[in-house]
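Listed below are the structures to be examined.
Two complexes, one shared chain (chain A), two partners (chain B, chain C).
Right after this comes the complex of A and B.
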């Protein structure tokens, strides 16, 4: 009952946040077809980026896009501006200019730019960088943000349900909770406990469990045809890695700092050098490896799956439609299975390494 | 690297930080804490039950061991009682035998005494008879002697032959 009500609430929330619209585009019908390798490359690159509306399907015959627009919230020179992304009319080349009290905004390659005062259209240099506009700070509810909120709600529903089951006095969970419980136990017993230690692991469970399921669900969401690419956004993985860094730096013990900054048992001349190496390791290299690993794996996964699906189009000329479609299907299916594994694996690795780094920081050393 | 930095969206980073923080806080309060507490208490319960079973088993073992010991003791006591009884019986038999011996000895002694006295009295009687016989013989001899000396001598001899003391 409670779950049903929550799902209803979720639907209402989604509808309130966005309005489901089908909007026609001015572009000619032929332009919507994606045939050539260049167009496919551009399409994939476009997909890998965050987007400001939720695009589900485009009817190439009529040129109508199905999907819904999402709120755009940007910080410009003139202050905060909010409007729905439908104002850009599905344009991504900087041609549609949205005017909000003197501020002219354009969307170019999934990023929103603010035109200079006297400019009437977006000018580009040879490297295709805008010359007469600057990027705004974009707090929009983009597709990624939408995905994250959605994931958060799913997590709250699922694990809140599990928690409520316990509260009712049932010690053995029922239904879907029965699947979730071993996962929670897995994270606790296989990731947190061995790496952080029996005494201190409890304090970090909130972060580790949240991050594990957050990354996993977002990775899996990325494999659905909705085409989320949240964990393939470098800002997202950077944020996750910085959370881990802040946690292990804040909870570092006296021992940890002593060993990092003034390593005992090493000649005095070497100690400052070691301190620099250790500090760089903990502040830069470790978070960087975390953020890049997740980002690169997920991006590469999306890239490969989409490229293999695109084989259907690119190989049609040389092998005919049946063979190219078959090949694309088999290969994409194969990679999809691997990607499902990778989705779990990357969540696991991120959580594992986070707990390992936290474990290093909270470790109590015996006297040498 | 440049594309990476170019793709980095400060706004998205900020939104992600805010959302992640909110999710962590909400999940901690509404999910992780009750779940982990419930798991912990359940595991403690299981551990307690296992410990209780172990201690019950140990108690059981102790109980059987003490039963065994009691049985052993009872058996030993029975053995010792039997042994004692046997000893007592032996002792009683020996003492009875001794007593009987003593009584028998006394009776034999008495009988011997009686026989001795009978014998003494018999000898004495015999002696008196012999004496009276000798006196008779002597009387008769004396009478014969007075008539015939040879006859007298013969008589004495025959008399003596008769009166051989056996």
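Right after this comes the complex of A and C.
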């Protein structure tokens, strides 16, 4: 009963945030079709970046874009400004100027700029950087932010249900919780217990489970046609890696710090050198490899899928439309199946390595 | 041009490494099928470390 009600609430929330909109372009596009390698590269780069609205489909005959708009929240010289991103009319070249209480805002390459007082249009220098506008502080609910809020809500609903079931004293969960319980137990028995140790793993289960399901759900969302690329944003993965780093540094035992800073059992001359190596390893290299692995894997996955879809355009001249479309369909489908595997594997590996590092930090050594 | 050659070399190195990990893991699973789970986990961890190295080199070298 509760679950049904909350799902309804979630649907209402999502619908309230995203009103379906269609934008008509003024300069009715002569030919909006993507056909040259440069355009394909630009399109892939555009997809990999965050954006201020959902773009699902463009009707090339009428030049109408279909998608959802999202709220824009920016901090300008003049204070806080909020409006829906539909005000930009799907423009990304800085031509549409949104005026809010004498503040002129434009969107250029997915970034929002504030025009100077007397400017009437966006001027660019040779390197395509705006000259008469400056960046605003952007708190917008962008596509990635929306994806993260959505994932958080899904997790809150699903695991809230599971937890309520246990609180009532039921040992066998009902409904969707029955799917989740084996996954939670998998994380506990295969990831946390062997790596952190029987005594101390309980304290870190919350973090490990959250990270595991957060990354997994976001990776899977990235495979839907909405084009989320949240775990492929380096800021997101960096943040997750920093969480892991703070946790293992804070919970490090006396033994861990002794072994890091003054390694027993090696010649005294080597100990300072080893301390530097170990410190750099724990503070810089381990978090860096964590964040880079997730970011690079997801970005590479999206890149490959997009490139294979683009095959139908690039090979059209030499193989004809039917063969090139068929080839790209088959290859993209194949890679998509691998990506489903990768989505799980990356969540697993991030959690696994996090618990491995935490395990190194909380380990208690016997006397040598 | 040179960074493309470098990227190719990184991929070759990573491929050789992954191949060695995979082949050794398969051999050990064939020798001791009851330890398959543990070997798989260890294999995935080493694979991930290698992959992190290769991706790091690719991104830094690009």
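What we mean here is this: the second predicted complex is superposed on the first by the 325 of 368 C-alpha atoms of A that agree within 3 Å, B and C clash if a C-alpha of one lies under 4 Å from a C-alpha of the other, contacts with A are read in each partner's own complex, and residues count from 1 in each chain.
Simple rule for what comes next: contacts are C-beta pairs under 8 Å (C-beta built on N, C-alpha and C of every residue); 3 or more make two chains touch, one makes a residue touch a chain.
Not measured: the values here are computed from a predicted model.
**Q** Clash or fit: chain B against chain C, after overlaying the two structures on chain A?
**A** When both complexes are placed onto chain A, chain B and chain C end up side by side without any clash.
**Q** Check whether A:356 is in contact with chain B, with chain C, with both or with neither, and answer first, second, both or neither.
**A** Only chain C; A:356 stays clear of chain B.
**Q** Mind working out whether A:138 is in touch with chain B, chain C, both or neither, as first, second, both or neither?
**A** The first partner, chain B, only.
**Q** Of the two partners chain B and chain C, indicate the one touching more residues belonging to chain A.
**A** B
**Q** Given the touch rule stated above, what does A:345 touch, chain B (first), chain C (second), both, or neither?
**A** Only chain C; A:345 stays clear of chain B.
**Q** State whether A:47 touches chain B only (first), chain C only (second), both chains, or neither.
**A** neither
**Q** Could you tell me the angle at the CA centre of chain A between the CA centres of chain B and chain C, given to the nearest 10 degrees?
**A** 60
**Q** Looking at chain B versus chain C in the superposed three-chain picture, what is their shortest Cα distance in Å?
**A** So the smallest C-alpha gap separating chain B from chain C comes to 6 Å.
**Q** After overlaying the two complexes on chain A, where does the chain B footprint on chain A coincide with the chain C footprint?
**A** No residue of chain A touches both chain B and chain C.
**Q** Under the stated contact criterion, what part of chain B meets chain A in this complex?
**A** 4, 7-17, 19-20, 22-24, 26-28, 30-39, 42, 45
**Q** Quick check: in the complex, which residue numbers of chain A touch chain B?
**A** Those residues of chain A that touch chain B are 49-50, 74-75, 111, 137-142, 144-145, 148-149, 151-152, 155-156, 159-160, 162-164, 166-167, 171, 181, 184-185, 188, 202, 205-207, 209-211, 214, 233-236, 238-240, 242-243.
**Q** Would you mind writing out the residues of chain C in touch with chain A in their complex?
**A** It comes out as residues 41, 44-45, 48-49, 51-53, 55-56, 58-59.
**Q** Of all residues in chain A, which touch chain C in the complex?
**A** 190, 194, 288-290, 292-293, 296-297, 300, 345, 348-349, 352-353, 356
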